[in-house]
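Here you go, one structure.
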């Protein structure tokens, strides 16, 4: 176990390292540096650009820039955003909370809804309910989330007027928990929908295949009730791949969804990413990619640990 | 008996606590909201303003410039007619042929922390803006050679050369408090999150990506604002902006002509149409051989039906421009050569110039196709649509125009490097009609050159009399139009959707919020 | 319509050959080829016909410059499906190559390639898109490459898993013991099975790529207007949802219906990651102990060696697991 953890930690660091390296190189290669964005095209002269680049440290060689950045990271200094004129980590952190809230809730909802719908459909395989749920799930997956989001806003906010259309909370009432909860409903549902639907389909097929397998038939032959069979045997067998998918889903959510954030005015890191690419705000992009790398690798690791615990046969050779 | 009693109370207690907790959560959640302050003005904004520091280089349009207008007062106030009025400086003197300007500050101007605004603060701000280590924009201060505080309330600027742009541009920069910022790292300090200025509003709170709240400063030296609280609400999607305009959650937003059918139906909202100094054109790269022939340029201009484009695509909310100034500019000259829509004439000109139609309809000369690529930023949606229409109209006279949508960073770098056939973008002279950097011989914007224009450009910067300058720039406009230095397209009017019961809003070519402290609720 | 997921690979292949399956595939083919044959002009602007709701002259209405939406939708469909096809081929090629190499070579090659797969999965795909877009002018070719390059990992894993399963299959051992060379075994026994698997992966990948193209073009990093694709039609419609809803409805419905039709073939794979394909990280099973649950592929026996049913790995392992 220790050896496994050690090995995975090494892999994590390695992955992060390569990720950051690639991002660094690509960002520097991209045409149009922050100097041009900062100065604005009308005040630009090559001399001024050289001055800005010197101040920003961009006129040094690539390995030297990377070395400086890595050293700075170890000192806890993750760079200063050109555009916001504040530490990049601060810029990212203040938006991270919103993304975590949205992503976390969407993940929980998609997991709960997806698994329950999948199990339900599997238990009633072939019935009209099953067909309805399966087709419905497919339709949800096939719908682009921008569409879904706008549609929900039109329905719940404009026509029915029961839910707010954008933002974290009404201005001036940020402490109002009820209002905050209401503001969460539409974005969370939009974000969770597609993943919940695919999780439902996947759970359904996993449960069905386990139900068809011999050991379940044996258990039932030995007198176990359907429900007992479902919950005790089937789910634990089907849990392994579900957990793995859930891990990837969680990572995806925590990277921030640009579409959902844009449509609902949700101040998370998804929007920050596109805006920062357009602004060539390297420090912020580096911090975001660090975060993304950590999230993905950690989520995978947790999923792996969970599956190992649940099913020791999956231990790697 | 006693044993049985010992257990239930703990469980019971736990249950009661849980219920109480749940109850209080529910009560807090759905209980009455805290008392709202007097009616705030909520502005809906598509973008986050970015930095709140007056040192940052921000574009001159809403919402980028508005928060700074609220927080930081500048030396002068640029007025709607292009004139200049007092703000932090109550009067000023110009001497030594325009090279020395002395400003006398209003005695009771104070920063939000109560300390008075002094000449040292002005000096500090100018030096910080000109210091590359702060990564600031020195816009307006490029010509400053020296700045000195010659008294507690008097500051003297010595310029390297007399330029009329200094007063309007440099005078519009916000002034920072030296006593709070001296010695701090202005490029990255937390002060950029807690800005302190001398404006009519101070920062009350800000939630990143969500909202920024400004509260009025009581006893402000220019008169206390009547609206106690202004909120910038960041809504990245225009549909949401419209929804919230409709529900009254926001009382101001910038809208596009295509939104008008929806906005005009909203009760309690009116639309203010404000002409601006901004205009769009296509800048040809004169290095390309086909642009050298004036007949080709005239043909391209005549092939585009700019009037119809403005009427249909912009819904008439704007007009065609024929040179480098718009009617909103004080230097505007309506009397310049105009090249109206005339595809027949365009075709004749091209034929005369030796470009003859090939089999696919596109003209050729000496084996060379008459085609060019126009670069446009992918965020300029309206311009792009205009170009799409223009593309078809040009095709009809045998010119192939390709549209290249580029990311702003890529656009800028290629513009820098001169790697373009033509570029389509917006230009905004803002405070001063001078655009020397664009048209002077040796410019990096297409390479247009005309010695007569050079002489006039130089002269325009040495003269300070408004009437004289107007004549000079009028002549420049005439020459530029005559030379077809650019394919001038159109100017869009800004459409401000404002709550109908908001009084005091006055149009301004640069910044609608210039007189925010005079706005009030009520008819 | 009860066949979604792993247990129904055979069902899927059957469904493809059925009438409905052929209808769907035929429809896709039509969408890909028809626009080239019809006299459509998705670029023709008409200033007099701006933002017209669907009527007799324009069946789906017009956009902000008067272009006919139906024409743009059809040509856009060809573009979207073409890009999705290209991306699928790229992803499949890369994935099969990596997966087969890893599966057959084992050892260090396998470990290195799997780390490559992990890295590929860890790299945020949207980031990759943005970075590529900032380096290279966006367009169909970079888009195909980027989508392919960010989605080959799933195919690689599945191919590797199948290869290992095939290796461990009883008939492989039997064939080898009878003297067949490795190459011959691969050609005659493995390829037919792999082909079936690849078809299925390919179709799922196709669905994913359609959605990926739509998302990337929607964000502005795909094919640039005025050339239409379903994704950038959605992008252009974003600001007119209230004033001209048909602009968003048409491409949105097109995407939804196409993906639903594909899914009805039993390829209801999730858009983010193909779930079945990730299971193999946890099933580095020994060749002999073939996977015990049917999350792996139920392989048909190779045509030459008609293995009796109880030699099929799945059933046998299931029995072992039940004990």
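So that you can tell them apart, the chains are marked A, B and C in the order they are listed, and the count of residues begins at 1 in each.
One rule holds in what follows: a contact is a pair of C-beta atoms (placed from the backbone, for glycine too) under 8 Å apart; a residue touches a chain by one contact, two chains touch by 3 or more.
Quick caveat: nothing in here was measured; it's all calculated off a predicted structure.
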item: Contact graph of the chains (line, ring, star, complete, other); value: complete
item: Chain whose Cα centroid lies nearest the overall Cα centroid; value: A
item: More contacts between chains, B-C or A-B; value: A-B
item: Rounded Å distance, chain A centre to chain C centre (Cα mean); value: 21
item: Separation of chain A from chain B, taking each centre as the mean of its C-alpha atoms, in whole Å; value: 35
item: Averaged-CA centre spacing for the pair chain C and chain B, given as whole angstrom; value: 45
item: Touching two or more other chains - residues of chain A; value: 30-32, 150, 277, 280
item: Multi-chain contact residues (two or more partners), chain C; value: 133-134, 238, 241
item: Overlap residues in chain B, where contacts from two or more other chains coincide; value: 237, 239, 407, 409-410
item: Residues of chain A touching chain C in the complex; value: 11, 14-15, 18-19, 22-23, 26-27, 29-32, 125-126, 130-131, 134-135, 137-139, 141-144, 146-147, 150, 154, 194-195, 197-199, 201-202, 204-206, 208-210, 212-215, 218, 237, 240-242, 244-245, 248-249, 252, 255, 258-259, 273-274, 277, 280, 288-289, 292-293, 296-297, 300, 304, 307-308, 311, 313-314, 316-317
item: Interface residues, chain C side, partner chain B - complex; value: 43-45, 47-48, 50-51, 64-65, 133-134, 137-138, 220, 224-226, 238-243
item: Parts of chain A lying in touch with chain B, wherever the complex brings them together; value: 30-33, 36-44, 51-52, 54-56, 80, 82-87, 91, 94-95, 98, 150, 153, 157-158, 165-168, 170-179, 181, 261-265, 267-268, 271-272, 277-280
item: Interface residues, chain B side, partner chain A - complex; value: 25, 28-30, 33-34, 36-37, 40, 42, 50-51, 53, 56-57, 59, 132-133, 135, 137-139, 187-188, 190, 192-193, 207-211, 213, 231, 233-237, 239-240, 243-244, 246, 249, 407-416, 437-438, 444
item: Interfacial residue positions of chain C with respect to chain A in the complex; value: 1-2, 4-8, 115, 118-119, 121-124, 126-127, 130-131, 133-135, 211, 214-215, 218-219, 234, 238, 241, 248, 252, 255-260, 263-264, 268-273, 275-276, 278-279, 281-284, 286, 292-295, 315, 318-319, 321-322
